[in-house]
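Just dropping this structure here.
A, B, C and D label the chains in the order they appear, each numbered from 1.
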Amino acid sequence: MSKSVVFEVDVMFGDCDPAGIVFFPNFSKWMDASSLNFFMQCGVPPWRELVKTSGIIGTPLLEIHTKFMQPATYGERLQIHTCIVEWRDKVFIHEHRVQRGSDLLCEGRETRAFCIRHPQHPERMKAIAIPEHIKALCQ
Amino acid sequence: MSKSVVFEVDVMFGDCDPAGIVFFPNFSKWMDASSLNFFMQCGVPPWRELVKTSGIIGTPLLEIHTKFMQPATYGERLQIHTCIVEWRDKVFIHEHRVQRGSDLLCEGRETRAFCIRHPQHPERMKAIAIPEHIKALCQ
Amino acid sequence: MSKSVVFEVDVMFGDCDPAGIVFFPNFSKWMDASSLNFFMQCGVPPWRELVKTSGIIGTPLLEIHTKFMQPATYGERLQIHTCIVEWRDKVFIHEHRVQRGSDLLCEGRETRAFCIRHPQHPERMKAIAIPEHIKALCQ
Amino acid sequence: MSKSVVFEVDVMFGDCDPAGIVFFPNFSKWMDASSLNFFMQCGVPPWRELVKTSGIIGTPLLEIHTKFMQPATYGERLQIHTCIVEWRDKVFIHEHRVQRGSDLLCEGRETRAFCIRHPQHPERMKAIAIPEHIKALCQ
(Lines give C-alpha, C1' and ligand atoms only; values in the text may rest on other atoms or scores of the structure.)
Protein backbone atom coordinates (compact mmCIF):
# COMPACT_ATOMS: atom_id res chain seq x y z
CA MET A 1 0.00 0.00 0.00
CA SER A 2 0.93 3.65 -0.03
CA LYS A 3 -0.07 6.98 1.44
CA SER A 4 -3.64 8.00 0.71
CA VAL A 5 -4.25 11.56 -0.52
CA VAL A 6 -7.55 13.40 -1.01
CA PHE A 7 -8.13 15.79 -3.94
CA GLU A 8 -11.23 18.00 -4.03
CA VAL A 9 -13.22 18.96 -7.11
CA ASP A 10 -16.06 21.46 -7.49
CA VAL A 11 -18.34 20.15 -10.24
CA MET A 12 -19.00 22.82 -12.87
CA PHE A 13 -22.01 23.29 -15.15
CA GLY A 14 -19.73 22.59 -18.11
CA ASP A 15 -18.78 19.21 -16.64
CA CYS A 16 -22.38 18.00 -17.02
CA ASP A 17 -24.19 16.53 -20.00
CA PRO A 18 -27.73 16.79 -21.39
CA ALA A 19 -28.92 14.37 -18.69
CA GLY A 20 -27.84 17.02 -16.17
CA ILE A 21 -25.17 14.79 -14.61
CA VAL A 22 -21.37 14.69 -14.80
CA PHE A 23 -20.28 13.50 -18.24
CA PHE A 24 -18.44 10.32 -17.27
CA PRO A 25 -15.02 10.97 -18.92
CA ASN A 26 -14.65 13.87 -16.48
CA PHE A 27 -14.30 11.33 -13.68
CA SER A 28 -11.22 10.03 -15.54
CA LYS A 29 -9.89 13.58 -15.91
CA TRP A 30 -10.30 14.16 -12.15
CA MET A 31 -8.66 10.84 -11.28
CA ASP A 32 -5.74 11.88 -13.48
CA ALA A 33 -5.51 15.22 -11.66
CA SER A 34 -5.70 13.36 -8.37
CA SER A 35 -2.85 11.07 -9.48
CA LEU A 36 -0.60 14.07 -10.18
CA ASN A 37 -1.69 15.70 -6.91
CA PHE A 38 -0.86 12.45 -5.10
CA PHE A 39 2.73 12.54 -6.33
CA MET A 40 3.11 16.27 -5.63
CA GLN A 41 1.75 15.81 -2.09
CA CYS A 42 4.30 13.00 -1.64
CA GLY A 43 7.09 15.40 -2.59
CA VAL A 44 7.59 14.55 -6.26
CA PRO A 45 7.98 17.67 -8.47
CA PRO A 46 5.44 18.33 -11.25
CA TRP A 47 6.33 16.55 -14.52
CA ARG A 48 7.52 19.76 -16.19
CA GLU A 49 10.21 20.04 -13.49
CA LEU A 50 10.98 16.35 -13.13
CA VAL A 51 11.73 16.00 -16.84
CA LYS A 52 14.70 18.38 -16.48
CA THR A 53 16.44 16.37 -13.76
CA SER A 54 15.43 12.79 -14.58
CA GLY A 55 14.00 12.73 -18.10
CA ILE A 56 10.70 11.44 -16.72
CA ILE A 57 7.83 13.05 -18.64
CA GLY A 58 4.99 11.61 -16.61
CA THR A 59 3.06 8.42 -15.92
CA PRO A 60 0.96 7.63 -19.02
CA LEU A 61 -1.98 5.27 -18.75
CA LEU A 62 -1.82 1.71 -19.96
CA GLU A 63 -5.25 0.68 -18.76
CA ILE A 64 -8.23 2.03 -16.84
CA HIS A 65 -11.13 0.24 -15.22
CA THR A 66 -13.92 2.34 -13.73
CA LYS A 67 -17.28 1.62 -12.10
CA PHE A 68 -20.00 4.23 -11.86
CA MET A 69 -22.37 3.84 -8.91
CA GLN A 70 -24.11 7.20 -8.51
CA PRO A 71 -24.23 10.40 -10.56
CA ALA A 72 -23.09 13.87 -9.46
CA THR A 73 -24.13 17.30 -10.69
CA TYR A 74 -22.90 20.91 -10.80
CA GLY A 75 -22.53 22.87 -7.59
CA GLU A 76 -21.47 19.75 -5.69
CA ARG A 77 -18.05 19.25 -4.10
CA LEU A 78 -16.46 15.83 -4.52
CA GLN A 79 -13.47 14.19 -2.83
CA ILE A 80 -11.16 11.81 -4.67
CA HIS A 81 -9.33 9.41 -2.35
CA THR A 82 -6.20 8.21 -4.13
CA CYS A 83 -3.56 5.66 -3.25
CA ILE A 84 -1.28 3.10 -4.93
CA VAL A 85 -2.42 -0.46 -4.31
CA GLU A 86 0.34 -2.30 -6.15
CA TRP A 87 3.90 -1.70 -7.38
CA ARG A 88 5.26 -4.00 -10.08
CA ASP A 89 8.63 -3.70 -11.85
CA LYS A 90 7.57 -1.28 -14.54
CA VAL A 91 3.97 -0.40 -13.70
CA PHE A 92 1.90 0.57 -10.69
CA ILE A 93 -1.80 0.46 -9.92
CA HIS A 94 -3.60 3.57 -8.71
CA GLU A 95 -6.91 3.30 -6.93
CA HIS A 96 -9.27 6.28 -6.90
CA ARG A 97 -12.52 6.47 -4.94
CA VAL A 98 -14.71 9.46 -5.84
CA GLN A 99 -16.93 10.38 -2.92
CA ARG A 100 -19.47 13.08 -2.07
CA GLY A 101 -18.95 13.08 1.67
CA SER A 102 -19.50 9.46 2.65
CA ASP A 103 -21.32 8.50 -0.59
CA LEU A 104 -19.19 6.51 -3.01
CA LEU A 105 -19.98 7.69 -6.57
CA CYS A 106 -17.32 6.13 -8.70
CA GLU A 107 -14.34 3.85 -8.28
CA GLY A 108 -11.44 3.44 -10.67
CA ARG A 109 -8.15 1.65 -11.14
CA GLU A 110 -5.44 2.92 -13.41
CA THR A 111 -2.36 1.04 -14.61
CA ARG A 112 0.45 3.53 -15.22
CA ALA A 113 4.16 3.49 -16.03
CA PHE A 114 6.88 6.08 -15.51
CA CYS A 115 8.05 7.07 -18.99
CA ILE A 116 10.92 8.90 -20.64
CA ARG A 117 11.35 9.99 -24.26
CA HIS A 118 12.52 7.05 -26.33
CA PRO A 119 16.30 7.57 -26.88
CA GLN A 120 16.17 6.75 -30.61
CA HIS A 121 12.64 7.97 -31.38
CA PRO A 122 11.92 11.11 -29.31
CA GLU A 123 8.32 11.21 -30.55
CA ARG A 124 7.71 7.92 -28.71
CA MET A 125 7.75 7.12 -25.01
CA LYS A 126 9.53 4.33 -23.18
CA ALA A 127 8.59 2.84 -19.81
CA ILE A 128 11.37 2.62 -17.22
CA ALA A 129 11.76 0.65 -14.01
CA ILE A 130 9.93 2.43 -11.20
CA PRO A 131 12.44 4.84 -9.61
CA GLU A 132 13.16 3.68 -6.06
CA HIS A 133 13.39 7.20 -4.64
CA ILE A 134 9.91 8.05 -5.97
CA LYS A 135 8.50 4.79 -4.61
CA ALA A 136 10.05 5.60 -1.23
CA LEU A 137 8.41 9.05 -1.18
CA CYS A 138 4.97 7.50 -1.70
CA GLN A 139 5.08 5.09 1.21
CA MET B 1 -22.96 -10.11 -32.00
CA SER B 2 -24.38 -7.06 -33.70
CA LYS B 3 -23.81 -4.76 -36.61
CA SER B 4 -20.45 -2.99 -36.61
CA VAL B 5 -20.42 0.75 -37.28
CA VAL B 6 -17.45 3.06 -37.86
CA PHE B 7 -17.33 6.61 -36.48
CA GLU B 8 -14.58 9.02 -37.58
CA VAL B 9 -12.87 11.63 -35.44
CA ASP B 10 -10.43 14.38 -36.40
CA VAL B 11 -8.09 14.91 -33.47
CA MET B 12 -7.93 18.58 -32.48
CA PHE B 13 -5.10 20.52 -30.82
CA GLY B 14 -7.36 21.02 -27.80
CA ASP B 15 -7.76 17.24 -27.41
CA CYS B 16 -4.04 16.91 -26.64
CA ASP B 17 -2.16 17.35 -23.38
CA PRO B 18 1.26 18.76 -22.42
CA ALA B 19 2.89 15.53 -23.67
CA GLY B 20 1.53 16.44 -27.12
CA ILE B 21 -0.74 13.39 -27.29
CA VAL B 22 -4.48 12.83 -26.94
CA PHE B 23 -5.52 13.31 -23.31
CA PHE B 24 -6.86 9.83 -22.54
CA PRO B 25 -10.38 10.70 -21.31
CA ASN B 26 -11.07 11.98 -24.83
CA PHE B 27 -10.95 8.37 -26.03
CA SER B 28 -13.87 7.70 -23.66
CA LYS B 29 -15.72 10.75 -25.02
CA TRP B 30 -15.26 9.49 -28.58
CA MET B 31 -16.37 5.97 -27.68
CA ASP B 32 -19.49 7.52 -26.14
CA ALA B 33 -20.14 9.48 -29.34
CA SER B 34 -19.56 6.31 -31.33
CA SER B 35 -22.08 4.46 -29.15
CA LEU B 36 -24.76 7.07 -29.91
CA ASN B 37 -23.80 7.06 -33.58
CA PHE B 38 -24.07 3.25 -33.56
CA PHE B 39 -27.70 3.40 -32.42
CA MET B 40 -28.58 6.22 -34.82
CA GLN B 41 -27.02 4.32 -37.73
CA CYS B 42 -29.13 1.29 -36.69
CA GLY B 43 -32.28 3.41 -36.93
CA VAL B 44 -32.77 4.38 -33.27
CA PRO B 45 -33.71 8.08 -32.83
CA PRO B 46 -31.40 10.40 -30.81
CA TRP B 47 -32.15 10.31 -27.05
CA ARG B 48 -33.85 13.71 -27.08
CA GLU B 49 -36.47 12.25 -29.51
CA LEU B 50 -36.67 8.78 -28.01
CA VAL B 51 -37.51 10.16 -24.56
CA LYS B 52 -40.75 11.61 -25.93
CA THR B 53 -42.08 8.31 -27.27
CA SER B 54 -40.59 5.75 -24.87
CA GLY B 55 -39.33 7.61 -21.81
CA ILE B 56 -35.81 6.32 -22.52
CA ILE B 57 -33.29 9.05 -21.71
CA GLY B 58 -30.18 7.23 -22.88
CA THR B 59 -27.79 4.43 -22.01
CA PRO B 60 -25.72 5.55 -19.00
CA LEU B 61 -22.46 3.82 -18.20
CA LEU B 62 -22.14 1.31 -15.40
CA GLU B 63 -18.55 0.33 -16.09
CA ILE B 64 -15.72 1.01 -18.54
CA HIS B 65 -12.53 -0.91 -19.19
CA THR B 66 -10.03 0.59 -21.61
CA LYS B 67 -6.54 -0.34 -22.82
CA PHE B 68 -4.21 2.19 -24.40
CA MET B 69 -1.72 0.78 -26.88
CA GLN B 70 -0.47 3.72 -28.92
CA PRO B 71 -0.88 7.49 -28.69
CA ALA B 72 -2.45 9.79 -31.27
CA THR B 73 -1.98 13.49 -31.90
CA TYR B 74 -3.70 16.49 -33.50
CA GLY B 75 -4.24 16.58 -37.25
CA GLU B 76 -4.77 12.81 -37.35
CA ARG B 77 -8.02 11.13 -38.39
CA LEU B 78 -9.12 8.13 -36.30
CA GLN B 79 -11.76 5.49 -36.87
CA ILE B 80 -13.78 3.97 -34.02
CA HIS B 81 -15.15 0.53 -34.81
CA THR B 82 -18.15 -0.11 -32.57
CA CYS B 83 -20.35 -3.13 -32.00
CA ILE B 84 -22.29 -4.84 -29.22
CA VAL B 85 -20.63 -8.05 -28.07
CA GLU B 86 -23.17 -9.15 -25.47
CA TRP B 87 -26.81 -8.57 -24.56
CA ARG B 88 -27.95 -9.44 -21.04
CA ASP B 89 -31.39 -8.81 -19.52
CA LYS B 90 -30.79 -5.27 -18.38
CA VAL B 91 -27.32 -4.40 -19.67
CA PHE B 92 -25.31 -4.70 -22.84
CA ILE B 93 -21.60 -4.63 -23.58
CA HIS B 94 -20.23 -2.27 -26.21
CA GLU B 95 -16.84 -2.90 -27.77
CA HIS B 96 -14.93 0.01 -29.34
CA ARG B 97 -11.68 -0.30 -31.24
CA VAL B 98 -9.98 3.02 -32.00
CA GLN B 99 -7.80 2.74 -35.07
CA ARG B 100 -5.65 5.01 -37.23
CA GLY B 101 -6.05 3.13 -40.47
CA SER B 102 -4.94 -0.38 -39.60
CA ASP B 103 -3.12 0.61 -36.37
CA LEU B 104 -5.02 -0.24 -33.19
CA LEU B 105 -4.54 2.61 -30.70
CA CYS B 106 -7.02 1.91 -27.97
CA GLU B 107 -9.63 -0.69 -27.13
CA GLY B 108 -12.53 -0.32 -24.73
CA ARG B 109 -15.53 -2.11 -23.33
CA GLU B 110 -18.48 -0.30 -21.87
CA THR B 111 -21.31 -1.80 -19.77
CA ARG B 112 -24.47 0.23 -20.35
CA ALA B 113 -28.17 0.06 -19.48
CA PHE B 114 -31.21 1.66 -21.10
CA CYS B 115 -32.65 4.02 -18.51
CA ILE B 116 -35.82 5.99 -17.83
CA ARG B 117 -36.54 8.62 -15.18
CA HIS B 118 -37.37 6.91 -11.91
CA PRO B 119 -41.20 7.08 -11.56
CA GLN B 120 -41.11 8.20 -7.91
CA HIS B 121 -37.81 10.12 -7.95
CA PRO B 122 -37.48 11.95 -11.30
CA GLU B 123 -33.99 13.16 -10.38
CA ARG B 124 -32.83 9.51 -10.43
CA MET B 125 -32.61 7.02 -13.30
CA LYS B 126 -33.89 3.46 -13.46
CA ALA B 127 -32.61 0.69 -15.73
CA ILE B 128 -35.23 -1.15 -17.78
CA ALA B 129 -35.20 -4.46 -19.63
CA ILE B 130 -33.54 -4.01 -23.01
CA PRO B 131 -36.31 -3.08 -25.46
CA GLU B 132 -36.71 -5.91 -27.98
CA HIS B 133 -37.38 -3.58 -30.94
CA ILE B 134 -34.13 -1.71 -30.30
CA LYS B 135 -32.22 -4.97 -29.96
CA ALA B 136 -33.71 -6.13 -33.26
CA LEU B 137 -32.60 -2.94 -35.03
CA CYS B 138 -28.98 -3.52 -33.94
CA GLN B 139 -28.63 -7.04 -35.31
CA MET C 1 -22.24 47.62 -9.96
CA SER C 2 -22.90 44.50 -7.96
CA LYS C 3 -21.40 42.28 -5.33
CA SER C 4 -18.04 40.78 -6.27
CA VAL C 5 -17.53 37.07 -5.67
CA VAL C 6 -14.32 35.01 -5.95
CA PHE C 7 -14.30 31.47 -7.36
CA GLU C 8 -11.18 29.30 -7.07
CA VAL C 9 -9.90 26.82 -9.65
CA ASP C 10 -7.09 24.27 -9.39
CA VAL C 11 -5.60 23.90 -12.88
CA MET C 12 -5.41 20.25 -13.90
CA PHE C 13 -3.00 18.52 -16.30
CA GLY C 14 -5.96 17.82 -18.59
CA ASP C 15 -6.74 21.54 -18.82
CA CYS C 16 -3.41 22.15 -20.56
CA ASP C 17 -2.46 21.86 -24.22
CA PRO C 18 0.67 20.71 -26.08
CA ALA C 19 2.31 24.06 -25.30
CA GLY C 20 2.02 23.10 -21.61
CA ILE C 21 -0.35 25.96 -20.80
CA VAL C 22 -4.08 26.20 -20.11
CA PHE C 23 -6.03 25.58 -23.32
CA PHE C 24 -7.78 28.95 -23.66
CA PRO C 25 -11.44 27.77 -23.89
CA ASN C 26 -11.04 26.49 -20.33
CA PHE C 27 -10.89 30.10 -19.17
CA SER C 28 -14.39 30.51 -20.64
CA LYS C 29 -15.54 27.34 -18.88
CA TRP C 30 -14.23 28.66 -15.56
CA MET C 31 -15.82 32.08 -16.08
CA ASP C 32 -19.11 30.27 -16.73
CA ALA C 33 -18.70 28.29 -13.50
CA SER C 34 -17.85 31.53 -11.70
CA SER C 35 -21.02 33.14 -13.09
CA LEU C 36 -23.18 30.33 -11.68
CA ASN C 37 -21.26 30.45 -8.38
CA PHE C 38 -21.84 34.23 -8.29
CA PHE C 39 -25.60 33.78 -8.42
CA MET C 40 -25.58 30.93 -5.92
CA GLN C 41 -23.45 32.98 -3.49
CA CYS C 42 -25.99 35.81 -3.89
CA GLY C 43 -28.77 33.42 -2.85
CA VAL C 44 -30.17 32.40 -6.24
CA PRO C 45 -30.89 28.62 -6.45
CA PRO C 46 -29.03 26.51 -9.04
CA TRP C 47 -30.77 26.50 -12.45
CA ARG C 48 -32.12 22.97 -11.98
CA GLU C 49 -34.09 24.24 -8.93
CA LEU C 50 -34.98 27.66 -10.29
CA VAL C 51 -36.61 26.18 -13.39
CA LYS C 52 -39.25 24.50 -11.21
CA THR C 53 -40.42 27.69 -9.51
CA SER C 54 -39.85 30.32 -12.21
CA GLY C 55 -39.31 28.55 -15.51
CA ILE C 56 -35.85 30.13 -15.78
CA ILE C 57 -33.42 27.60 -17.26
CA GLY C 58 -30.27 29.66 -16.95
CA THR C 59 -28.44 32.64 -18.41
CA PRO C 60 -27.19 31.67 -21.88
CA LEU C 61 -24.41 33.63 -23.51
CA LEU C 62 -25.07 36.15 -26.26
CA GLU C 63 -21.52 37.40 -26.56
CA ILE C 64 -18.09 36.98 -24.98
CA HIS C 65 -15.01 39.17 -25.21
CA THR C 66 -11.83 37.90 -23.57
CA LYS C 67 -8.23 39.13 -23.35
CA PHE C 68 -5.37 36.80 -22.50
CA MET C 69 -2.40 38.44 -20.77
CA GLN C 70 -0.41 35.61 -19.19
CA PRO C 71 -0.58 31.81 -19.34
CA ALA C 72 -1.22 29.43 -16.45
CA THR C 73 -0.28 25.78 -16.02
CA TYR C 74 -1.26 22.68 -14.03
CA GLY C 75 -0.73 22.59 -10.31
CA GLU C 76 -1.52 26.31 -10.00
CA ARG C 77 -4.49 27.75 -8.11
CA LEU C 78 -6.35 30.60 -9.78
CA GLN C 79 -8.96 33.04 -8.49
CA ILE C 80 -11.77 34.36 -10.66
CA HIS C 81 -13.16 37.68 -9.48
CA THR C 82 -16.69 38.04 -10.83
CA CYS C 83 -19.19 40.90 -10.73
CA ILE C 84 -21.96 42.40 -12.87
CA VAL C 85 -20.92 45.73 -14.37
CA GLU C 86 -24.16 46.60 -16.17
CA TRP C 87 -27.84 45.70 -16.06
CA ARG C 88 -29.95 46.44 -19.15
CA ASP C 89 -33.64 45.52 -19.68
CA LYS C 90 -33.08 42.02 -20.98
CA VAL C 91 -29.33 41.45 -20.71
CA PHE C 92 -26.57 41.96 -18.18
CA ILE C 93 -22.80 42.20 -18.46
CA HIS C 94 -20.58 39.98 -16.32
CA GLU C 95 -16.95 40.88 -15.74
CA HIS C 96 -14.48 38.15 -14.80
CA ARG C 97 -10.86 38.76 -13.85
CA VAL C 98 -8.77 35.59 -13.63
CA GLN C 99 -5.85 36.08 -11.25
CA ARG C 100 -3.03 34.01 -9.80
CA GLY C 101 -2.67 35.86 -6.54
CA SER C 102 -2.12 39.46 -7.64
CA ASP C 103 -1.18 38.59 -11.26
CA LEU C 104 -3.95 39.26 -13.77
CA LEU C 105 -3.92 36.42 -16.35
CA CYS C 106 -7.12 36.89 -18.29
CA GLU C 107 -10.04 39.27 -18.36
CA GLY C 108 -13.45 38.64 -19.88
CA ARG C 109 -16.86 40.17 -20.39
CA GLU C 110 -19.93 38.10 -21.02
CA THR C 111 -23.33 39.34 -22.24
CA ARG C 112 -26.05 37.08 -20.86
CA ALA C 113 -29.84 36.92 -20.68
CA PHE C 114 -32.20 35.12 -18.31
CA CYS C 115 -34.08 32.63 -20.47
CA ILE C 116 -37.16 30.41 -20.27
CA ARG C 117 -38.34 27.70 -22.67
CA HIS C 118 -40.18 29.31 -25.59
CA PRO C 119 -43.92 28.81 -24.86
CA GLN C 120 -44.74 27.68 -28.42
CA HIS C 121 -41.41 26.03 -29.31
CA PRO C 122 -40.02 24.27 -26.19
CA GLU C 123 -36.83 23.33 -28.04
CA ARG C 124 -36.01 27.07 -28.26
CA MET C 125 -35.23 29.58 -25.54
CA LYS C 126 -36.70 33.02 -24.98
CA ALA C 127 -35.07 35.92 -23.11
CA ILE C 128 -37.18 37.57 -20.41
CA ALA C 129 -36.91 40.87 -18.61
CA ILE C 130 -34.37 40.62 -15.81
CA PRO C 131 -36.28 39.48 -12.69
CA GLU C 132 -36.20 42.30 -10.13
CA HIS C 133 -35.86 39.96 -7.15
CA ILE C 134 -32.77 38.35 -8.65
CA LYS C 135 -31.28 41.75 -9.46
CA ALA C 136 -31.92 42.81 -5.86
CA LEU C 137 -30.11 39.75 -4.50
CA CYS C 138 -26.99 40.60 -6.51
CA GLN C 139 -26.56 44.16 -5.25
CA MET D 1 -8.15 39.06 -47.16
CA SER D 2 -6.97 35.48 -47.39
CA LYS D 3 -8.05 32.09 -48.55
CA SER D 4 -11.20 30.77 -46.89
CA VAL D 5 -11.15 27.21 -45.60
CA VAL D 6 -14.03 25.11 -44.24
CA PHE D 7 -13.61 22.72 -41.28
CA GLU D 8 -16.37 20.26 -40.39
CA VAL D 9 -17.37 19.17 -36.88
CA ASP D 10 -19.79 16.46 -35.76
CA VAL D 11 -21.33 17.60 -32.50
CA MET D 12 -21.03 14.91 -29.81
CA PHE D 13 -23.26 14.24 -26.78
CA GLY D 14 -20.32 15.16 -24.55
CA ASP D 15 -20.09 18.60 -26.20
CA CYS D 16 -23.53 19.50 -24.84
CA ASP D 17 -24.56 20.87 -21.46
CA PRO D 18 -27.57 20.33 -19.15
CA ALA D 19 -29.64 22.62 -21.40
CA GLY D 20 -29.08 20.04 -24.16
CA ILE D 21 -27.11 22.46 -26.35
CA VAL D 22 -23.43 22.87 -27.22
CA PHE D 23 -21.54 24.17 -24.19
CA PHE D 24 -20.29 27.49 -25.58
CA PRO D 25 -16.51 27.12 -24.93
CA ASN D 26 -16.59 24.24 -27.42
CA PHE D 27 -17.22 26.77 -30.17
CA SER D 28 -13.87 28.33 -29.21
CA LYS D 29 -12.21 24.90 -29.26
CA TRP D 30 -13.57 24.25 -32.75
CA MET D 31 -12.50 27.70 -34.02
CA ASP D 32 -9.02 26.91 -32.69
CA ALA D 33 -9.02 23.58 -34.55
CA SER D 34 -10.25 25.38 -37.65
CA SER D 35 -7.41 27.90 -37.34
CA LEU D 36 -4.83 25.09 -37.30
CA ASN D 37 -6.62 23.34 -40.16
CA PHE D 38 -6.59 26.64 -42.10
CA PHE D 39 -2.79 26.85 -41.91
CA MET D 40 -2.33 23.16 -42.73
CA GLN D 41 -4.64 23.47 -45.75
CA CYS D 42 -2.55 26.47 -46.87
CA GLY D 43 0.58 24.30 -46.73
CA VAL D 44 2.00 25.24 -43.33
CA PRO D 45 3.24 22.18 -41.34
CA PRO D 46 1.61 21.34 -37.98
CA TRP D 47 3.20 23.23 -35.07
CA ARG D 48 5.06 20.14 -33.80
CA GLU D 49 6.94 20.03 -37.15
CA LEU D 50 7.28 23.79 -37.66
CA VAL D 51 8.98 24.22 -34.30
CA LYS D 52 11.91 22.08 -35.48
CA THR D 53 12.67 24.20 -38.55
CA SER D 54 11.64 27.68 -37.44
CA GLY D 55 11.23 27.65 -33.66
CA ILE D 56 7.58 28.67 -34.07
CA ILE D 57 5.50 26.87 -31.47
CA GLY D 58 2.09 28.05 -32.61
CA THR D 59 -0.18 31.08 -32.70
CA PRO D 60 -1.42 31.73 -29.15
CA LEU D 61 -4.50 33.83 -28.58
CA LEU D 62 -4.30 37.41 -27.41
CA GLU D 63 -8.01 38.16 -27.63
CA ILE D 64 -11.28 36.55 -28.69
CA HIS D 65 -14.65 38.11 -29.43
CA THR D 66 -17.55 35.77 -30.13
CA LYS D 67 -21.28 36.21 -30.79
CA PHE D 68 -23.75 33.37 -30.28
CA MET D 69 -26.86 33.53 -32.49
CA GLN D 70 -28.37 30.03 -32.43
CA PRO D 71 -27.68 26.86 -30.47
CA ALA D 72 -26.62 23.48 -31.87
CA THR D 73 -26.98 19.99 -30.45
CA TYR D 74 -25.49 16.48 -30.72
CA GLY D 75 -25.86 14.55 -33.93
CA GLU D 76 -25.60 17.72 -36.02
CA ARG D 77 -22.80 18.47 -38.46
CA LEU D 78 -21.42 22.02 -38.46
CA GLN D 79 -19.16 23.87 -40.87
CA ILE D 80 -16.64 26.46 -39.71
CA HIS D 81 -15.69 28.95 -42.40
CA THR D 82 -12.32 30.42 -41.53
CA CYS D 83 -10.22 33.18 -43.08
CA ILE D 84 -7.79 35.91 -42.04
CA VAL D 85 -9.32 39.37 -42.28
CA GLU D 86 -6.33 41.45 -41.24
CA TRP D 87 -2.55 41.16 -41.03
CA ARG D 88 -0.68 43.58 -38.77
CA ASP D 89 3.05 43.57 -38.00
CA LYS D 90 2.99 41.08 -35.16
CA VAL D 91 -0.64 39.92 -34.99
CA PHE D 92 -3.35 38.76 -37.36
CA ILE D 93 -7.13 38.56 -37.07
CA HIS D 94 -8.94 35.30 -37.79
CA GLU D 95 -12.63 35.30 -38.62
CA HIS D 96 -14.65 32.12 -38.02
CA ARG D 97 -18.29 31.67 -39.00
CA VAL D 98 -19.89 28.52 -37.59
CA GLN D 99 -22.75 27.39 -39.80
CA ARG D 100 -25.20 24.48 -39.96
CA GLY D 101 -25.72 24.47 -43.70
CA SER D 102 -26.80 28.03 -44.46
CA ASP D 103 -27.74 28.89 -40.83
CA LEU D 104 -25.19 31.06 -39.05
CA LEU D 105 -24.90 29.86 -35.43
CA CYS D 106 -21.89 31.67 -34.09
CA GLU D 107 -19.32 34.17 -35.27
CA GLY D 108 -15.93 34.84 -33.78
CA ARG D 109 -12.80 36.88 -34.18
CA GLU D 110 -9.47 35.86 -32.76
CA THR D 111 -6.34 37.99 -32.40
CA ARG D 112 -3.28 35.76 -32.62
CA ALA D 113 0.51 36.08 -32.85
CA PHE D 114 3.18 33.70 -34.12
CA CYS D 115 5.31 32.84 -31.12
CA ILE D 116 8.67 31.26 -30.31
CA ARG D 117 10.15 30.25 -26.95
CA HIS D 118 11.63 33.29 -25.26
CA PRO D 119 15.43 33.04 -25.78
CA GLN D 120 16.28 33.88 -22.15
CA HIS D 121 13.18 32.42 -20.46
CA PRO D 122 12.17 29.22 -22.29
CA GLU D 123 9.07 28.84 -20.10
CA ARG D 124 7.71 32.06 -21.67
CA MET D 125 6.69 32.82 -25.25
CA LYS D 126 7.67 35.74 -27.45
CA ALA D 127 5.72 37.11 -30.41
CA ILE D 128 7.67 37.52 -33.65
CA ALA D 129 7.02 39.48 -36.84
CA ILE D 130 4.64 37.53 -39.06
CA PRO D 131 6.80 35.33 -41.31
CA GLU D 132 6.42 36.51 -44.90
CA HIS D 133 6.51 33.00 -46.37
CA ILE D 134 3.63 31.89 -44.16
CA LYS D 135 1.66 35.01 -45.04
CA ALA D 136 2.26 34.29 -48.74
CA LEU D 137 0.94 30.71 -48.37
CA CYS D 138 -2.33 32.00 -46.92
CA GLN D 139 -3.21 34.41 -49.70
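The criterion applied here is as follows: a contact is a pair of C-beta atoms (placed from the backbone, for glycine too) under 8 Å apart; a residue touches a chain by one contact, two chains touch by 3 or more.
Since this is a predicted model, take the numbers as computed values, not measurements.
Set side by side, the interfaces A-C and A-D show unequal numbers of C-beta pairs in contact, with more at A-C.
With centres taken as mean Cα positions, subunit B sits 23 Å from subunit A. Separation between the centroids of subunit A and subunit D, computed from CA atoms only, is 31 Å. Subunit A and subunit C have Cα centroids lying 29 Å from one another. Contact with two or more other chains is made by residues 13-14, 18-20, 23, 25, 29, 32, 47-48, 74 of subunit B.
Taken as a contact graph, the chains are fully connected, with every chain touching every other chain. Every residue of subunit C that touches subunit B in the complex is listed here, in rising order: 13-14, 16-20, 23, 25, 74.
Listed in rising order, the residues of subunit B touching subunit A in the complex are 18-19, 23-26, 28-29, 32, 47-48, 57-58, 60-68, 71, 125. Residues 10, 12-14, 20, 29-30, 32-33, 36, 40, 46-48, 73-75 of subunit A are the ones that touch subunit C when the two sit in their complex.
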